[in-house]
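Each of the next two complexes has chain A plus one other chain: chain B in the first, chain C in the second.
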Partner chain A sequence: MLVVLGAFGIASVLVPALTPRLGTRVFLLAAVPAVAAVVHAALAAPAVFARGVSERVPWVPALGLTLDTRLDPLSWVLALLVGGVGALVLVYCRSYFRNDEPHLGAFAGSLTAFAGSMYGLVVADDVYLLFVFWELTTVFSYLLIGHYSSRRASRGSALQALLVTTFGGLTMLAGFVLLTTAAGTSRLSELATRAPEGAVGTVGAVLIVVGILSKSAVVPLHFWLPGAMAAPTPVSAYLHAAAMVKAGIYLAARFSPAFAETPGWRESLVLLGLVTMLVGGWRALRETDLKLVLAYGTVAQLGFLTAAIGFGTRDALLGGLALLVAHALFKSTLFLVVGIVDHDTGTRDLRKLSGLGRAAPALAVVAALAAASMAGLPPFAGFVGKETVLAAMVHAGESGDVLGWIALAGSTAGSALTAAYAARVYWGAFARKPGVPDVGVIRESPAFLLAPAVLAVLGLAGGIAAPGLDAVLAPVADVLPAEGEVEHLALWHGIGIPLLLSAVTIGLGLGAFLLREPIARVQARLALRRSASDAYRGTLSGIDRVAARTTKVVQRGSLPYYLAVILVVFVVAVVSALVRLAPPLPEARLWDQPMQPVAAVVMSVAAIAATVAAKRFQAVVLVGVTGFGMALLFADFGAPDLALTQALVELVTLVAFVLVLRRLPARLGTKHGSSFRLGRAALGIAVGAIMSVVALVALAARTATPIAVEFPRLAVDGGHGVNVVNVTLVDIRGWDTMGELSVIIAAATGVASLVFLSSRSDRMPEFARRSGLSLLRGRSGRPSADHDDRGSWLLAGRTLAPRNRSILLEVVVRLVFPALIVLSLYLLLAGHNAPGGGFAGGLVAGLALVARYLAAGRIELAAAAPVSAGALLGSGLLFATGAAVVPLFLGVDALTSTYLDLDLGWFGSVSLVTSTIFDVGVYLVVIGLVLDVLRSLGAEVDRQEEEGDEPSLAGRLEAEEQRRWTAGAGARR
Partner chain B sequence: MSGVRHGDGSRRGAAHQLLLLGGLVLLWLLLWGSFTPIDVLAGITVALLATRVFELPPVQLTGRLHVGHLLLYLIRFAGEVVAGSVQVAALALDPRRTPRAAIVEVRLTTKSDLILTLVAVTLSLVPGSLVLEVDRQRSTLFLHALGVQDGEDVRRIRHHALDTEYRLLRAIGSRAELRKASR
Partner chain C sequence: MTASLALVAVMAVLYACGVYLLLEKSMTRVILGFLLLGNATNLLLLIVSGPAGSAPIVDGKESEPYSDPVPQALILTAIVITFAVSAFLMALVYRSWRLAHQDEVQLDAEDVAVGTRETQPTEAPDRGEPDTPPSNDQEEAGDPVPADEGSAR
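Up next is the complex of A and B:
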């Protein structure tokens, strides 16, 4: 089974690829896996009927998910249907489509994949696997229904089908979760025999019923099916007659042993099924599009099937299964016939078709066979199924089950309607009608007719060979306990109520067909003002409105509002926790060293001053003071590493702030912070006070020996470094760092993609470097455009407008830049044993780049760093991942580090630790982050600002480069 | 015409670059606090890496260095920093008046960006004075000075700036500029 599934997967990938070469012949290739499914089922038949065939492959062992598949008699029957009808429909497609059909490859691929998903659905033996296939059929049916993607109706219908069936699928998933949790297994074969009892079982059953209703188009979730007729006809024949809509029926049959006794299961399925049968039949008599007549007919039949299979007795299940097989055969035949009619005459409107029966006699015969089976005429399979179901209902009614009589009445009325619209379909397509011109000459193609003919004949065979059908279906039905004499599928049961009722239904049906014109008038008068699909549309627009309103209220775009919400939640949550727990406070000393109160006072003053600052830069600098105060505290505590990093981070943050703030008005306007000042102050004070309390409580809360006690020893023994902080980052807690790196990369990329409107100018560095160097060398060669004859200190100094230049900065940066780079490399390499590390080193290198940018602008920045930020981020992650993964290949845990000490005597000594490679990754990522922020918030913003102005030298250079690049691209082409 | 001079210039340029490289190696060794041959090798590698990967125009030194004058200059600078700190503190703490400030334009004699920058940096680092703006073409500094009362103070500040330049030229200035400044 898994092999067959794999074949479906491969075929659905291959088919689109081969479509340009093979044209419509590709459908024959697509049919191969479906045929394989049939052959496999046929070969496995003895084993299936003896004990069932199971395959099991672990999928996600950690979650206990397995690829469990199982062929038991029920799955076997459906697998045959899915594979057989699928193969025939695919063969039919070859004639239905033409080579120039748009999106043919995608269509063929989707149809193949759909067949595979459907096959997977019926063989899955794990409810979650079943759910996955269930949703896959939904997704592929969405693609198939929306095949004519240029038509609005097609897209709308596809979306409607998707939403309705997904809604049902998710509801069903909830039911599965409930059941599997209660039962302790997710195996379908176990769940289906002994479902949990009590409330959990009932709720689970009801949730699964919703899934069944949505998939099998049962009232009130039936309206998507007629809409889905926007699909190409082969899709309707397969999805909406034989396959997808049967998924719900399959599930009902599968769970009927478990839920037959569960309150609500039987009643809801039977009653809703009957209502569906009547509604669908009634509508089928009204429609004039043959395909819609069939669609409503399908709704009606699905209702009947749901009622029969949900009825919960062994005989009803047997009849329902026979009906299921019969329906798959006759309904897909009829759809395919309508497809041929449409193909040959160009219309499906039964008011415009006349005389087709004479023009296409073979087609008419095929259709007649199918319609007779649908109407329930002997000796067709439809008759056998209906007969058995009616008999089972009579039997139930006689033994005192009221539902039996209700079901009998409903089924009889519904069957009469079925007979009526069966006659109507045949008449509508093939009869001669007065006043309508006959269709022209039609050349019937045997290849085209093959699939419907085979299906129709099978429908007849199923009726004649009813005992054979019985041999196959009885084992399926035997999962339900039988009382007394069991029913058998047969053409002749003797004269009894069922036969009588059959005759009555056929008579009533013919009567209704003959009286079609008066009935049509009645229907026109009774036409419903509101239908289920109106309700659907109303629900959708209601959800849209609620979503819009919620968004308007919650996402109002006010930063103070967002902050206030977050902080208020924080205050309320923490205070309530504190009050409830009333944790003990520790003994507190005010300070350990005199430096601490000094730093605290400075920080507090700066923090308070920041809240009343009138200018943005002022506020930012004041906030920066608190950060540096923190660095001071760290240093005072003997944490030079933290202090260093904190100070560097503070600097980089300041730069980023300045880059952003320079585009905003300098003064904080009256709009900012003018309202609710007292409230804001109170909230701020509350948050601060609570944080202090939390810090104290957290100190007192620790009772166990902290893990940190071990870190110094671990750092030296395991990480071979005495800088505990750094070894923690790159070795002991290396995975954490890994996660943080990913976050940094995501943030950097996010910032860049917000600012770079069109593309990240990744070829910027190379060109800037070249032009910078050529400016430099061109100094002696050609007279400079500037009046400056003193030479350059930086690469791109003269690309700035003279009034923006600062020779001071240029000279200082020229002298300091290499030293900063050396310092950053030192920090990177020394970090393992001394304050520093990749993070601090990267920040220093980043600050060196900041200096270049500040001194000589964006072209200088581009020229300074010879690579793109993205490449730095990526290679950094590569280094880090490499350090994590490579040890795995050497047979040790990920991120394991090792070291090498070389003592070369007087020459010196070398100590290499492999975790430094991880640190190099951190180093590169941090540089990449700074570069990204600079290039987007700095350089790109500059560029966008300059666009309005007169072109500067930078702009001219860029334009020239752009021109050269385009010319080069043109030449390459 | 430029052939010989060009070659001469590039040889001098290479010497300057070597000097700078040596500075970077020294920085490396000082950072590590260890002076074994392997550290020197590593230092040279790192210095080459830093200057090659991040290529920059060659630094234009003046070509002259007088160690004694440089030391004198640095000692004087340190003294000025201390004195300036005291003065600014006194001005800030004086409750009687708010200190007055002035912007003084000083035209230096040098044509070297390096000297110009170092003078500006020196003056900025001494508390009480700050370089606001530099006119590179005319070698002119615009100084913001605290505690200026009258024209006498302005003359004093201008003289001090020129004096600083002269002392720096004696330490590292080219011969030609030193001669010009001495006049």
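Up next is the complex of A and C:
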């Protein structure tokens, strides 16, 4: 079965590719897997009827999903139908389409893929696999219905079918989840025999019923099927008569052993089925488009099938299955016939067709065979099925089942309507009508007629060879317990109520057909103002309105509001989880070391003061205090690396803040002040309180042995370094650091691109080379010509105005800069074995650059770092990636490190570890980040200030646009 | 496990102040709130990393068990990323000020527009109502549009 499925898959890919070469002949190729499915089923028949054939391949073992397929008698019957009718319809397509049909390849591919999905649906033995195929048939049906994609109606109908059946499919999925969770298995064959009982079983059954209703077009979800007639006729014949709409019936039959006793299952299927049968039959008498007559006829028949199979007795199931087979045969025949009529005459309107029976006698014979089967005339398969169903209902009624009598009455009335519209179809297509000109001469093509003819003859054979059909279908029906004497499919059951009823239905049907004109008048008067598709449309526009209103309420455009919503949800969710779970809390003491409370008090005071600070610098410094407090806490906790990094970062952050804030007004929130103070404070306190509980709970949850116990050993043996934190960063968890470097590079690039308004590149390096070198030359070449009596301690000191210079600062920086660079290199190289590393080293080097910049301005910065920040970032990433990738070429895992002991004689020995190269990458990236911040927020801002405060033209335009937007938003509010 | 209430308390205060500032309109305060939240979260990681101890450096000088190095590596990464992101935020503030002399969080005009838009059914073209009456003469062998079930005939 999986091989057949694979063949379908391959064919559906090949077919579109080959269409340009083969034209419509490609349909013959597409029919190959369908034929294979039939052959496979035929060959497997003995095994199937003996014990069933299963194949099982793991799919997603982690989720317990398997590709479980199984052919048992029920699947076998449907697989034959799907494959056989599919093959015939594909052969028919070859004549139906012309080579110049638009999107022919896509159509052929979709049809093949649909056949494959349908085959998968009937052989799947896992409910989730079944669901996947179920939805695949929906998707392909969407594509096929919407084949004439240039027509709006086509697209609309396709979407309608998609929405309705997907809604049903998802509902059904919920049912599957309920049932599999309760039953502990997702195997269809197990679920279908012993479904969970009680409320779960009932709810699951109801949800599955919704899926059945949507797929098999049963009231109230029937309206998509007539709309789906926008599809090309072969699609209607296959999807909407033989295959897809049978998926729901298949599911009803599959689950009938499990749910026959479940309250609601039987009643809902039978009653809704009967209503559908009557509604569909009534509407079929009103339509004038032959295809729509057949479509409503299909709705009616599907209702009958649902009622029969949902009826829940063994004999009704047997009759329903016979009807299912008969319906697949006669209804696809009729659709194909209508396709030929449409093809030959150019119309499907039964008011315009006249005399076709004489012009195309072979076609008329084929149609007559199918229509007779549909009407339930002996000796056709339709008659056999209907008789058995009616007999089963009589039997149930006689044994005291009220539903039996109701079903019998409904089915009889419905069957009469069926006979009437069967006559109407035949009459409409082939009869001679007064006042309508006859159709012209028609040349019948045997190839075109082949598929419907085969199907029609099979329908006749099924009736005549009823015992043969019985042999196949009885094992399927035997899954339900038989009461008393079992029924057999046969043409002659003797004279009894069913035969009498059959005669009555045929008589009534013919009467209704003869009285068609009075009935049409009555129908015109009774025409419903509201219909199910109105409800569908109302639902859709209702959803639209609700969505718009929700958006209006929720999307206010205020970011703080959104943030507050998120935080409120967070508070509510965590509180309810905490209340429900009541997790244990750890023991507590006031502090670990006496330094903690001191730091805590200072930090808390600073944080609270920062929230009310009115001046920017004040607030920034107060937040900085909390940062340095963090460094203290880290140091105290036994985390020297953290303390070092935190302190350095805090310094750089302060500098960056100062650089930005010098251009902003000193006071904070001058325009609107701060609003909602109390609310925000309450939310803040709530978040803080919850986070403290979270911290305690998380700490109490630390009961397992942490993975960290292995890290010291890993660091020393594998990473050849004793500073576990550093080895973790550059070696053990090197990939994480790699990800972090990418984040840093993205942020640094973002900073630069936000600040450099007019040009994308920073021109400082070039500038440095020119002006820095010329300054140098100027100093060395003409020392006496320098009239600046204060001399120059830094390269670019003289570029500043004298009032901006601080000679003391220049001297200090001149002296400290080399020391800082040496320190940074030391931290970088020593980091493997002592506190430090690439992060700390890079920050120290960055601070050295900060010092140069602060002392002598942007030109000094350019002279101090005559490379672009981008180059630093890039080369840093290159180093890190190199350290990660090179080991791959040496045949070991990425980021594997090795080491080399170098004996340097007098200087002692040095151990070089390759992960240091990774750390060099980190070092360069961090320097690049700091340099980017300095270049952007420092140097470029300086330049912009020196060149006048006016932003560039583009900047002004953007600002103008932004103001207009803001004004517009304000006005709308 | 024993918790240090001092650490927990200061973390709670940092979170509370951070959230308070984050909900401000002034972008500078938002950045400050972001920094406070960053510090608070690093503290959270530190608290849940278990007991304090010796620096995790295997040099034979440790007097008590190591503090857990794994959360420390996480925190170290977080510290640097927080700096990178706050630098980005500062650049945003600077740009906003330079272009529009605006240092407050603005209403999102697009969101407001979405919320106030009048939705009419006609705005969406395809919603499943075939709108053309059936006409069978469109093409020779085509499949005409089916009639809409809803329109009573």
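Note that the second predicted complex is superposed on the first by the 569 of 973 C-alpha atoms of A that agree within 3 Å, B and C clash if a C-alpha of one lies under 4 Å from a C-alpha of the other, contacts with A are read in each partner's own complex, and residues count from 1 in each chain.
In the analysis below, a residue touches a chain if its C-beta (ideal position, glycine included) is under 8 Å from a C-beta of that chain, and two chains touch if they have at least 3 such contacts.
As the structure is a prediction and not an experimental result, all values here were calculated from the model.
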| item | value |
| --- | --- |
| Partner chain in contact with A:Pro597 - chain B first, chain C second, else both or neither | second |
| Which superposed partner A:Thr898 touches (first chain B, second chain C, both, neither) | neither |
| First, second, both or neither for A:Leu808, with chain B first and chain C second | first |
| First, second, both or neither for A:Ala700, with chain B first and chain C second | second |
| Which of chain B and chain C A:Thr181 touches, first, second, both or neither | neither |
| Touched partner set for A:Ala864, first chain B, second chain C, both or neither | first |
| Dominant contact partner of chain A by residue count, chain C or chain B | C |
| Touched partner set for A:Ala819, first chain B, second chain C, both or neither | first |
| Touched partner set for A:Asp641, first chain B, second chain C, both or neither | second |
| Set intersection of chain A contacts, chain C complex versus chain B complex | none |
| Contacting residues of chain A [partner chain B, same complex] | 769, 773, 776, 780, 787-788, 790-795, 805-808, 810-812, 814-815, 817-819, 821-823, 825-826, 830, 864-866, 904, 906-910 |
| Interfacial residue positions of chain B with respect to chain A in the complex | 2, 6, 20, 23-24, 27-28, 31-32, 34, 36-39, 46-47, 49-51, 53-57, 59-60, 111, 113-114, 116-117, 120-121, 131, 134, 136-137 |
| Contact footprint of chain A on chain C as seen in their complex | 1-26, 28-29, 32, 35-36, 39-40, 42-44, 46-48, 50-59, 66-70, 72-73, 75-77, 79-88, 90-95, 97-100, 102-117, 119, 121, 124-132, 134, 136-137, 140-150, 152-153 |
